[in-house]
Structure formats: structure tokens, C-alpha cells
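Only one structure is covered here, and it is reproduced in the block below.
Per-chain numbering from 1; labels A, B, C and D assigned in written order.
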Amino acid sequence: MIDGCPALLPLSRDVIQRELDRRKPGGGGASTTRNETDQCEILSGVFEGQTLGTPIAIIIRNTAHNSADYDHLKDIFRPGHADWCWEAKFGIRDHRGGGRSSARETAGRVAAGAVAKALLARSGISVQAWVSEIGGISAPHPSESSFDFEEAERNSLRVPCAAAAQEIAALIEQLRAEQDSIGGVVNCRVLNLVPGLGEPVFDKLDALLAQALLSVGAAKGIEFGSGFDAARSRGSENNDRPCTQDNNAGGMAGGISTGNTLEFRVAFKAVPSIAREQETRDRSGAIRSLHVQGRHDVCVCPRAVPVVEAMTALVLADLMLQNRSARIAP
Amino acid sequence: MIDGCPALLPLSRDVIQRELDRRKPGGGGASTTRNETDQCEILSGVFEGQTLGTPIAIIIRNTAHNSADYDHLKDIFRPGHADWCWEAKFGIRDHRGGGRSSARETAGRVAAGAVAKALLARSGISVQAWVSEIGGISAPHPSESSFDFEEAERNSLRVPCAAAAQEIAALIEQLRAEQDSIGGVVNCRVLNLVPGLGEPVFDKLDALLAQALLSVGAAKGIEFGSGFDAARSRGSENNDRPCTQDNNAGGMAGGISTGNTLEFRVAFKAVPSIAREQETRDRSGAIRSLHVQGRHDVCVCPRAVPVVEAMTALVLADLMLQNRSARIAP
Amino acid sequence: MIDGCPALLPLSRDVIQRELDRRKPGGGGASTTRNETDQCEILSGVFEGQTLGTPIAIIIRNTAHNSADYDHLKDIFRPGHADWCWEAKFGIRDHRGGGRSSARETAGRVAAGAVAKALLARSGISVQAWVSEIGGISAPHPSESSFDFEEAERNSLRVPCAAAAQEIAALIEQLRAEQDSIGGVVNCRVLNLVPGLGEPVFDKLDALLAQALLSVGAAKGIEFGSGFDAARSRGSENNDRPCTQDNNAGGMAGGISTGNTLEFRVAFKAVPSIAREQETRDRSGAIRSLHVQGRHDVCVCPRAVPVVEAMTALVLADLMLQNRSARIAP
Amino acid sequence: MIDGCPALLPLSRDVIQRELDRRKPGGGGASTTRNETDQCEILSGVFEGQTLGTPIAIIIRNTAHNSADYDHLKDIFRPGHADWCWEAKFGIRDHRGGGRSSARETAGRVAAGAVAKALLARSGISVQAWVSEIGGISAPHPSESSFDFEEAERNSLRVPCAAAAQEIAALIEQLRAEQDSIGGVVNCRVLNLVPGLGEPVFDKLDALLAQALLSVGAAKGIEFGSGFDAARSRGSENNDRPCTQDNNAGGMAGGISTGNTLEFRVAFKAVPSIAREQETRDRSGAIRSLHVQGRHDVCVCPRAVPVVEAMTALVLADLMLQNRSARIAP
């Protein structure tokens, strides 16, 4: 359910489906080989190819789902998952795939993000994410000549460099053979952003993005611009000169966008569902041994790329709509 | 203005003033030697030593402020500050110290946090932050024997190890002599937290903390548990077993607290106001040379410690109050 | 989409369908004879007969809808409807039945209200509405012996008195013959409400109910307790003595519930869609004559009864959930 | 604390003080003769005569207040007041004048409303309220020739007709002699409002105004346009033709403003504090006799006039700021 999208934005089911397809398992890559078709249907808010200004409801039915696959998880808590604290919170849990804590939940984010990206595109703003690191193997930074953003959309690992992609693919295959998984880092940049987005105190641009991105399952950290490296830098090195291309701050100052390229990185932990046997606990507290069944991604990062873009676009589109009214009294 | 605090919480001006005093410049340490008395007055919401359940208004007057100190900044934009994008956003700017983008703004956060900490203390929950790294010099981790939390409250640098504090103090003095500044990292842990805090999708515990902490000026990144290191780890290493002391996830799973110690780290950039001459731009776009006047902190981290605690306590107190009602139908 | 319902509330599709059936056209009464089946399907949030604590999505497909019925309204604005100002606001309008300004929109409110009523019922609280007046013909007040609440559920006009219902039915038939419509008043009372609901300033109990009830289409006014009559009363007559059954204030004081019966009345205007020919304007501003096609209710009030109950239950359930946490510090 | 006011609005303390002076007791009229000076001070958000776009804090100190006047109310609950249910909610109560349930609380609303009125004035929109009825004596409607809005600002009763004002003044004096109080009705209209304000479902224009106005203490009902009279009208009479001056609906349709004059009426109950001896209850539940001390208004309506204007202006200014962005995609 998307609320707040203005009227008269051209929008079709295809625009949304295209983003959902980017989130689908890539086949031979780091992803699961489950078949998730993820076909979307627009229920409301669009009329004759344009938005109505009223809420847009989209439904994506889970056709691949087989509840019986999850019967062995009814009384057991998976390591690295939220099963246990979910029961501590709600006193009840839908054990069939994790319910709202399932990674499938990101399909809704990607669908909503497609609308936000369409809105931003009308102002010339583009949001681009890619996999910058998996298991310690790094892709080049945009400042390096080997960085090739179009390559990231060509390979199923979303790595912006063919050589690095090949090296990472080998690591993924090795881990798959070892029935293990691995974490990684997704980078995101926003081109042509307007200055002035974000509020001075609690709703700083970085604060809003941090909430949006850390709300994605498996995300464990975020840093803006030079980030944790800035913690080791001197003011004389790290200070950006106003109205220049200096960008240690990642496109913002005091929580407000400067108009420079917005840049941040999100750390993702390893997929907790691994085929390897693990020690865990059941509801009675007893130690149990668990084989998590089903086919799971080795690394979440390639499929997280459109999710990172979606959450970023949603925050920015929301700020763009607010900003026009906030700036100057009529 | 603090809204949402329940009635009948014992509260005095002293409880708030004590936290404000922890935020004051330490004198010989990393901080400015400006005299900020920061005396608070409670205007409403407390009656005969107890909260009324209605909003608590607290006022802290800025007595040390001298507007004339800032006259040289009227038409010039400071490097590393929000002066320029503030004008881009609002078309107007109070140049006398940065207005709401001034670090003084954190005094209000600390005052509100004192109330939140008092509320959490009634459930036995304590929020503890310390400086874990400045300019690449690290303090020990709580898992190391040389970690001494009480030491962090004894030295003005808030470093939990006397030897590391001494080494960092020497670096600070050197940077002060060089008219420069430096970044650092603040760690935070929460003891005795209840399980079940945080919502499954957008309002995950880490997402809410990330917004709260990144809304602090100069914060450039946050990581939970093993954080960016988790991005380099395998699932077989990084997965926490439920109902054990395993804690790579930092006290949460799926955005919901587990009851284990909550742990995260916040990166702060170097203080942008340095005495050294810097190149910058004025309102006309012309290149200008600037000496930022006044006495500024060399490193923001020691004084950020109570701010990090305050923001953490505010998020947790809010979730505690919501949680009792959210869990189980009457 | 219902967010905020706690976990472990027993809930089935039947509980919701029963309320939707109360909203259906009554057949021979004041209502349309269109066939609206309004069958609901629960998509999420309920597991093995209990709520999960996560959002409950319910879908009600509009099977009776025939878009061609509305083709004559494409370029014309109906009198008494929002067609014109909708276009002024959004620049686009779905002319097929009014979109979100259609009375069908209340089906979602009734479905959500069924969940809220189930929640309140667990605390012994019941919300009861009835038609108290149509076209100047009044039903008796609960303080009168001829008031019979069960009768209101027996007759399709929802009038709590068989004699008054008969008189009103005759008026409805006469108006239907004259191709006209009529307004009326719906009364609502809440039994066994707890004291202490509502906030002291902006979120007073009556303020929240007023927003909720005036958000129902065709509602034009609301009054609490003695309401507009209170405007003609003296303090010596109108003041309720605390902790007594005095109830001129309608079960609240200073915006907070007292624990006495909550009482208010909502005025509804006549249904604007009448079969009679009316003068109106088209998109070019030209005067046009319009026969609104289709079968429409003569009076909205009987079908508004479950909607009034639903909105009331939603406000109260929300306050009940907040209230437990708001009252006293842990 | 006013949040959301855009930058660059010319604003001085005088603009706010002028509205606060309109709320002051009139001296010989229906009002108390207590001396409330209500001098305001702007603490933040305004710089060199213009708003900064950041929150505007205004403080009004209560200089006339003498706590000892209220000592006799410590253990007793006043009839018609919120004393009892306040204790039921919070378990604690500031008995010195009612705290946030005091009518003094409206001073803050009027100060904030002054800013909203200044903002609306820049779009040519004016909000005008007056006393239309006290104790059954009515002032003329704007459609009648004897209606004189400027007269309402001349007499201390805010009645738009000198003859009616005189008649009401006599009633007020009689009630004061009888140590009693009386209710009344305040009308409000908004001239030159733009079409398109308000949202289609829950945030209808009338719903938002209803919440805002019923949040004013002593308000017991609201009706829009022909209001409760519409409940007795036929569709053929009550339907407004689009794009005409027809205005039974009070300037809105489907919850969205039409651009016609916005019109509504608010019913206020009699002031509950009367000098006459009243029966009541104390904290132990015992019956007690009470003389409420101090000088209180006989009728709240004249002083409610600027409060009604303020709440209306706040709702409309907020919608105006949102509306510019909501309408059409960039």
C-alpha cells in the first residue's frame, strides 16, 4: 500500500514488474534457485495509466509457497533468525517461512520503490546501488577506472567489474559446496539530487536513510561518505569546502543534502539459513540439531541491491514532496 | 519538550542537571574551554517531585553566548558545516553559531534522555556509552580484561582504560597545537534489556536506533553487533544460537531485542571548526580564506557519550511504553 | 489494512463478515436494492484462529460493479457530490462511482471495526448505534420506556421502536415515489467504558471521535451529551456531579472518559444521488440536466449504523491499547 | 511550540500579542475581571523579523497566578470539571487551576493561530468567528442585513449586531447576579479559501476541523453548513449545484474544500465554575458542598472567538502547506 504519491504520474504495472524481476533469484549466481514468479497486480490508485493521487494498492501472491516445507520448524528456533524473540514479543508465531521476518517481505518494498523511482526520474534523479564487497573481495570504487556501473546490471552478482564478479562467483560456489553463506556490502549513490532535503534536527537526511536501510533484514551497519574512515581523519583533511566537489560527507551537511552525489554503504550479514547442520534450541529450551531445508541464497547482497535502491528512493521521494512546500512562505 | 512520559515517575531538576553536567566541557581534555553553565529549569509536567503524565517542558538558557563573536560568519560558509545547504533549503540563516545545527542543540537531547534513563532505571535497564577509539587509538572491548567502565566516567575523555586515555590525551594535545581536530568512535551497550522490543518491518529496533543516533550532528555511521565485520563473516560463524549468550547480532534478531546485551558503535567525524586557516566560499561564490574564531573541541566524542546514551534511552523508553500494550490482547 | 491489533485475539472471517452483512442493503427498507455481496477474505495477520500482532489485511472485491453504468458521469459533476472539487484537487478523477468518495468505502471501515469491537468485547465494552431520527420523525431516547434497542436490530431501518419504525418506513416509501431522499440522525452509546481514555489537550476523547465520525461521508455534525442543547443551558443545570450518574457531558470531562455511558449523535445529510432530474454543471462549466442512474438509498442512516459503531470502536480500541501504558510509570 | 511554519514569513511579537489581547477578559462583558496580562516572548525560530523555517518557541508566563487560591480544591472534585477523571487517568493531579485542563491553555493556541493567520493572509484567506447565540438569544446570520461583522470586534461580547449584543449583555448581568453561567454558540467562516483542501477518506477537511474545534475545552458539538438541519432536509433541497454559490454543505464536498465560503458552528457548554454553592464529591467519595472561589467568566463564548479562529487557521495553514505538494507529480 503506497500512500502519498501525487496524482498524474504515468504508471503502469510494467514499471513495477521490471523492478520485481531485478529482485528475483538470478539462477546461477549467489541466489536461491527457488522459483519465485512475483507477479504484481495493481488494485487501486491508478486510472487509465496515471496515478489518481489516492493510495496505490499492489498485491503479489506467493504462488511458490509450500507450507509443508516448514513443518519441521514449528517447535524449533533457527540460529541467526528472529524465531525466538518473535515468540517472546507476540506469544505466537507463523513458523511457515518466518512471516513478516521473511526476506520475501522485501518484494513489497521493491514494488513501492519502483513508484518512488518513477517519481524521482521526473526530476532527473537516479538511484544506483551495486555490490561493492562480498567475503572480503572488493569491487572498485566509482573513482577508479575499472568501475563499470553497467556491468553491475549485466552480471547476476551486481558487481560493477567483470573481474571482481568472477572472483566473487568462485567464492560463492565454494561456499555453496561447503553448505555455508557469507555477508557483504552494498554501495548506493544518488545522482542529480537537489540541495535542501532533510530537516535540521531529528529528521536529518542521513537519519531517515539510516532508519530506512537498517529496516531491511540482515542489514547490520550503514556509513555515509567516508563513514567509519572519517572517525580516523583530521578536520583539515575531512572538511568539505562549500560549493565544490569535495564530498567526504557523502552529499550532505548537517543532515541536509548539498546537491553533490549522495553516497553511503550498507553492511549485510551472512544469510542465516545454511544447509549445514547447526546446534540450536527448541521451545522447551532443549539443545537440538537442525538442518534448515529448502534452497537459500549464499549471499543476500545481489538481491539486496534493488531493495537498497527502493528504500533510498522512498525516503527521497517523500522528502522531495515535502520540500517544495517547506521552503518558503507563500 | 518531552511528551509521552508516564505519570508518577519521581523526577527532580537534579536528575536532569547531573546529565547536563556530564555533557559540559571537561576543561583539560578534548573539549572546548568555553564556559557553558547549562542550568536547566523545569517549566511544566512535574508536581511535588513526580511527573504528571503531561508534557515536561525544560528550558536551558544560553548565557555564555555572545552574538558579536559570529559577525565574521554572516556572509561566509564554513567548510564542513551546513551553512551553505541551510541557505539553499530555507533561503535564510541565523549565522550566530549555526542555530539548530549547532552542537549546543544536543543539550536538549541530554535533558530529555535523563528522563528516559530514569524511566528505564525503574526496570533495571542501564545504558552505558564510552569512547572506544580516537584517531585510530582504540580502547579495549568489554570482553578484554583491561576494559574498565568506571574509568570512562573518571577521565574527561570517557575512555574505559587509563593507559589508552593517556595515549589519546597526548594525541589531542598534539592536534590542538596543530590547530586541527580528529574523529572517533563511541560504543554503547544496554544491560538488562527485555526481549521483544522493536517492530518486525519498518520500525525494527536497529532502524529506530540508527535514525536516533545518525540524527546527532557529526555522526557518520553506525554498526550493530559485529557490524561491518559481519559483512566479511560466514553464516556458520556469525549465526547466534537462540537462548544463548551468542551475540554477534548485538542483542537483536529480525529487529527485535533478544534480551542479550544490546551493542552498537557510532562513528563521528572530526570537528569541522578548526583554528587553522581554511579555504572556503562566501555567498557570492568567491573563494575566501577563513579563521574560525572561538574555542572549539578537538574531538566531539567525549561530549558525545552522554548524547549517545540519551538518544538510546529515548528510543528504548518509548518502545518499553508501547510494548506493554502491543504484546497480548486484553 | 489494520495495524496495531495485539496478538492472540481470537479472530475468524465470520466475525468480520457478520458486521459486513449488517451494512448490506436491507431489501425493503430505506436502502438500495442493488446486490452487494461484500464477501471478505483475510490475507494476513491471522494464524490458526488468532491474531499474530502484525498487520491484518482484508480484501473485499466489488463483484457487483459495472463500469458502464457510470459512463454518463464522465464529463459531468453530480450535485451534492465531490466530483468537482476532486478534479480541482487532483486534476484527475475515476468517474466510475466516485472512487474513494463512494459510500462503498465504508465497507473497509466496518471490517476494521469488527476487529476493534472484538477487542473491546474482551473488556466487556459494547458499542451500540441506532437511527434516532429521519426526516424529523424521532425514535425514543434510551431514557424513555418505549426505547427498545433489540428492535433496532430487528427492523431494517435500525429504529429502536416498532411504532416509530413504521412511521419512518411510510415516509421513506413516499420519498422513493417522489424520487427524492432524506437526512437523519444516528445516536451512539458505549456501555461499560473505562475511565481515563483521551488526552488532555489536542487528543481529547471527543476530538478523536469527532474526527473519526465526521470522516464518514454525508456526516455533517456531531454533538456529545446534551450537545447543542448545552449551549442553551445554565451551569447550575448542566454541571455533572463527579462520581454520580449525572451525564449531561456524555460520559467525558475535559476530554477524558469518566466511566459513565458515552453518548453522542451524528447528523447525516440526505443522499445526494436522487432519481429526480437535477440541474448541474459539466466540465466546461455549461449548465446540464442530469438523471443519476442506478438504485440508490433513500436515507443513508440505517446503513450508517454499523459504520458509526465501527469508527467509534476503532477510536476506543486504539485508546485502550495506549492507555495501559500511559497511566503509570513502571 | 510551532513546528512546520515555512521560512521567510514576516513575523513580529506584535502580531502574536494582538491576538492574545483579543482573548483577554473584556472587563465589563461576559468575562472574568481577573487581570491576565498574557505577555508573550518569542524564544526561537524568528530572526531579524522573518521566520527561519525551524520551530518557533513562544513563552507566556502566568504572572497573575496565585496557587493559594486553589488550596480548597486539593481533595475535592469540582462539578462539570475533569478533576475526577484526571485522577482516574493519571493517579496524580495538579489542583492549582486545573493544569492543562485550565482554559488558560487556550493562550498557546491563540499564539500559534496568530502565526497561521499571518500565513493564510498572504494567500488572501481570512478566518472570521463571532458569537452567534448565547442562552437562546441569537445574533443575525451573515445572510441577514442586520449582520455587521465589524460590530463583533467592537463589543466585548463579539456579537455582530449592536441590538442583540445589548440583549445578551443584560442576560449576562442577570446570570452574574444569580451566580450562574450560560452556554452559547460560536460561528466561523473562512473567506477566499482555495478549493482542494482535505483528503478523501480519514483526513476530510470537516473531520480535521472537528477534531481541532472539539479539542477546545467546553466545546460540545460542531456542525458544518446546514448541519443538523441537513438531517431534516431532502436531497432535492439540500444538494449544492457544482460551481455555483449554493452552500448547504458549508464550503466542502466529500471532505474537500470547494472554494465557497467555509461555514461551521461550535456549541459551548456553560462555564462549570460558578459562585453558587454546589453539591459534589471529594476524594473519599463523600458528598461535599463547594463554593468555587475566584472570578470566572459567565459565558466562555466571547473569549472562545479568537480560539475558534486560531484552531481553524492552524488546520487550514497545515493543509495549504501540504496541498501544494500533493496535487500533481513534478
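By definition in this document, a contact is a pair of C-beta atoms (placed from the backbone, for glycine too) under 8 Å apart; a residue touches a chain by one contact, two chains touch by 3 or more.
Please read all numbers here as calculations on a predicted model, not as lab measurements.
Between A-B and B-D, more C-beta contact pairs join the chains of A-B.
Farthest chain from subunit D (centres taken as the mean of C-alpha atoms): A. Chain centres here are Cα averages; for subunit B and subunit C they lie 48 Å apart. Per-chain CA centroids place subunit B at a distance of 41 Å from subunit D. The distance from the centre of subunit A to the centre of subunit B, with each centre set as the mean of the Cα atoms, comes to 27 Å.
Among all residues of subunit C, those that touch two or more other chains are 7-8, 51, 53-54, 89-91, 99-100, 200, 323, 326-328. Contact residues of subunit B toward subunit D in the complex are 1, 7-8, 47, 50, 52-54, 59, 89-94, 99-100.
By the touch criterion stated above, subunit B contacts subunit A in their complex at residues 77-86, 88-91, 98-101, 105, 133, 135-136, 175, 180-185, 195-197, 200-204, 206-215, 217, 219-228, 230-244, 248-250, 252-259, 267-274, 276, 278-281, 285, 323, 326-328.
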